[in-house]
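Across the two complexes that follow, subunit A remains constant while its partner is subunit B and subsequently subunit C.
The block that comes next holds the complex of A and B.
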């Protein structure tokens, strides 16, 4: 029992702090709601410090229902990065859009507790509970800008499709349970090892479960919700959504396929290698056609999920370490880019996020433009920026497993992707301003951008620190 | 200090750029700051040249530190006889290009000079990197400043040119990345030592099978685009023509050499069997580049584009010489790399300062200006002759050695390639005649001759073009031993294959 409590201690700590956050929200004045976010950051940092793992530790709790290990911790770092940067990037955005509410930070905070359960789950029921905690929080976040029709649309759309995919996942889960007689990963693996995966029921169940996961990581052809939701949601929320829930879904998926589906690895490798190729290619090709940077980044988020799937298909220890590292790096560069995007204001006739709004910005805002340039080239995977380190690890994992063809598809895609990331820099640096656009960098978002830039450069040149974090990971 | 000279050479320009970025507010101050920094960098290269032990074929001034130890990645740098001239060429041309931009670059000067210094650091790094990871990072890192230099300060079609340059180079190098990773695992599985150490990977044989062929092709495509070899040369005319003068000088003078340097440093030692198998293929592509580049240069109406296409032709000689796999061929190739950097760099500078005055580069807009600008005409003639390969000038020695070397290896190819020298005379002299002689175009009456600054920055190049032509031993003496070692390695494998 003692060990069980220890295994969810980080979540308990997070929950207590989360309840305190609600109280703080109630006590703070309307114009001081940003304070809730700052407290949230402090709480998450405290939890992060309090649960620092010692070596390759592993605490199994509640009769193998969940586990707290360095693997879960590495993903917790991703969530913490996403929360901290998003909160800092949101403060000014919320004020500017008149939605500076305390619950924004609180709901964002609670979604992370759900994600933590997802990546620690070694049991289908815990997995599903974590997933729903996260998902419901994210539905609210997507529709948070109540006055904006597109945000409402995003919320509803995300809710309906999300509920639908959760249903499919749950339905598949019942099949798996029915066939194997257990919700525990280890028991499922044992059953599959002795009985194989030829039975139609287990096939059906697994396909539905994997499809449910594919919805959450927005893999093509289960991505239909992503572009609209990403472009409709408040900009900082989009940044968060492309990182944290995706990382959580990947974290849960990796543990599920590596532990529970280990005997069926040939089958799921095939399934995900097809998804990886489709996801990368589709995301990149459609992103090229976008004129709205937010929508372009939404499609780029899809393609990045495709790169990460390569790491999953590689199915070696380098692969999932690469995914965790990629998520950390992606968190810095993508949320950084969304922070700047959130501060871009265009007094002209067209949407704020249109590519044309970026025209000539480098003259007016040299530092913000330089930051955006760094994020774009990092997303494109150009060294010496962090994005390259992430890609390098992913492709290394693929080659280590002999998946050279998949690595080739990956690098061709990252070369294609360069084009649309470059378009933003072309507008910022090579073109003259067409509209009266400006980036209003207030202190909070400046700090968020600065942190993101520093880490993108630092990880690019000295990746050892974060590599050591993911190196301890053991599924 | 001598022990860390290479690290200083790599990081000094970055630190200087950072310093200028933080403390220099005006464009003019940054300009002078960058110039002084580039001169210091050039001066720092001198002890490297003088303390270099020419009798040692191996790596010198080696520095090795752990960088990402879990992946066997090191910060590992060193120079040998092949790379040292390239380092010198880089620091020399950067200093000259910066001085040559003083009046050419009028807008956003701060950013320009900072980009130049960062570019310089990456270029020096590429030539001295002995760790694949380090090499690849620097190789790609060059793209960003060069992309900005073309895109921000370039000519009318600069955006198209910048994007084309970027995507071409990137498309080639991503496959190189896969080849590097594949070599890492292959070398690790053979020897048990997982490392990105270029020398360790080079010293291992990979059997010449499918693996080696694929690795060779991945490297070859990446380098061929950079050289550029026919048929992947199409980015070059656009990039060279649209880039500002300094950009063209660096592109032609240094960046193109990275492709041929890569062939020498990676393809030959790491994949020797595949290199030997593909020798006829590379030789044919080189000869096509020589002839095709020359023929296309002949019909150009834009002086800068003409010189750009002449680069394709001249670089064809370099690849032909390298793939002859003998001492004179490879030495000629390296010398030709050096000479082409000097001569084409100088030609781009000269075209740039003409363009600054008249804002046109069309041959048809000129005529008879020799009487108006005698100093300019004389200097231009010197480099025209250098480009043609007139004896007593650098270009002659390089091409001569290449032809001697390739004649031994594949005489038919050498005979065809030699006609490229004649074509060079045709297009260069014809262009010179139409620009400087014939009837005087009265629209050019305010054309002024070169000023002191312009003569100063062209002077070192004039000295070097004669020096390499009259006493090439100063430069070839650096490479004798390293090239000899490389040739022996290749030849022993060739003998073993038969």
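The block that comes next holds the complex of A and C.
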């Protein structure tokens, strides 16, 4: 029993702090609601420090229902990065849009508890509960700007399709449970090893489960919700949604396929290699046609999920490490880009984020433009920035597993992607402004952008330090 | 009544729910169809649990129901905010983003 408690200690800490956050929200004045966010940052940093892994430890709890290990901790770091940067980037956005409410930070905070359970789950019931804790919080976040029709629409669409995909995942799950007689990953693996995966019931169950996962990571052809939800949700929330829930879904998916589906590795690798090619290519090709930068970044988020799927298909240690590293890097560069995007203001134009708004910004706001340039170059994967390191490791994992063709598809795709990332910088530096747009960087969002830029440069220039950390975590 | 009967029933209900979400355009009806899908899952879990003589399926049902209740709260709230702004709950008219 003692060990069981220890295995969920980080989640218990997070929950207690989260409840305190609600109280702090009630006690703080209307104009000081940002304080809730700062307390959230402090709490998440405290939990991070309190649960530092000592060596290659692994605590199994509750009769193998979940496990707290350095792998779960590595993903916790990703969530913490996403929360800290998003909170800092939201403070000014919320004030400017008149939605400065404390529950914004609290709901964001509680969604992370769900994500932590997802990543440490080794039982389907824990996985499902974590998934829904995360998803329900994210439905609210997507529709948070109640007065904005676009935000309403994003919330509704995310809700209907999210619940639909959970239903499909659950229905598949029942067949897996019925066939193997257990919801534990280890027992499922054992049953699949002895009985094979040729039975129609188990095939149906597994395909439906993996399709449900594919919805969550917005892999083509299960992506149709992503562009609308990402472009409708409040801008900092979009930055968060493209990183943290996706990292959680990948973390849970890796554990599920690595432990439970280990006997069926040929089948799921085929399934996900097809999805990876479709996702990368579709995301990049459609992103080229976008004139709205927020929507373009939404499609780019789809294509980045495709790159990460390559690491999953590679199915070796290097691949999983590469995904974790990529997630950290992607968190910095994408949330950084969305922070700047959230501060972009047009006078009298509703469609805030179109490409023309960026024209000539480098003259008015040289520092913000430079930061945006760094994020765009990093997303495109140009050395010596962090994005290059992430892509390099993903592709080398694929080559190590003999998937040279997949690596080639990935490289070709990142070459295509350069076009639309470069277009933003060309507008910023070489076009004349057509109308009055500006980036108003207030202190909080400046700090978020600064942290992101520093880490994108640091990881790009000194990758070995960060790679070693990830190598230590993911065994 | 064998296991197959229950599975067939649940498959039919799941099919009705899925068709409802894809075909109907009223958000409330779509939402009800989602609940049907979850109920099909519950029937499956109960049937398998009885057949396998294992309790964890039935425990799972409690989780699914609790989550469905939470989802209902959030989903209805989202539909209400949408209705306040647009005066419609028709999914086809919720089309700010096209394609």
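In the analysis below, the second predicted complex is superposed on the first by the 468 of 475 C-alpha atoms of A that agree within 3 Å, B and C clash if a C-alpha of one lies under 4 Å from a C-alpha of the other, contacts with A are read in each partner's own complex, and residues count from 1 in each chain.
Please note the rule applied: a residue touches a chain if its C-beta (ideal position, glycine included) is under 8 Å from a C-beta of that chain, and two chains touch if they have at least 3 such contacts.
Keep in mind it's a predicted model, so treat the numbers as computed, not measured.
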Notebook entry, point to check: Touching A:471 in the superposition: subunit B (first), subunit C (second), both, neither?
Noted result: first
Note to self: I'd like to know which partner A:411 touches here: subunit B for first, subunit C for second, both or neither.
What the structure shows: first
Check: Thinking of the overlay built on chain A, is A:139 touched by subunit B (first), by subunit C (second), by both, or by neither?
Finding: second
Margin query: Let me test your reading of the model: by the given contact rule, A:382 touches which partner, first (subunit B), second (subunit C), both or neither?
Written below: first
Check: What is the contact status of A:38 with respect to subunit B (first) and subunit C (second): first, second, both, or neither?
Finding: neither
Check: If you stack the two complexes on chain A, which partner ends up touching A:396: first (subunit B), second (subunit C), both, or neither?
Finding: first
Item checked: Interfacial residue positions of subunit A with respect to subunit C in the complex -> 124-125, 128-129, 132, 136, 139-140, 143, 146-147, 149-150, 152-153, 155-157, 159-160, 163-164, 167-168, 170-171, 173-175, 177-178, 181-183, 227-228, 231-232, 295
Item checked: In the complex with subunit A, residue positions of subunit C that touch it -> 14, 17-18, 21, 27, 30-31, 34, 37-38, 40-41, 44-45, 47-48, 51-52, 54, 56-57, 59-60, 63-64, 67, 70-71, 74-75, 77-79, 81-82, 84-86, 91, 94-97
Margin query: Can you tell me which positions in subunit B touch subunit A when the two form their complex?
Written below: 67-71, 108, 111, 133, 136-138, 140-141, 143-144, 147-148, 151-152, 158-159, 162-163, 166-167, 170-171, 174-175, 177-178, 181-182, 184-185
Check: In the complex of these two chains, what residues of subunit A are touching subunit B?
Finding: 363, 366, 377, 382-384, 388, 392, 395-396, 399-400, 404, 407-408, 411-412, 414-415, 418-419, 422, 426, 429-431, 462-464, 467-468, 471
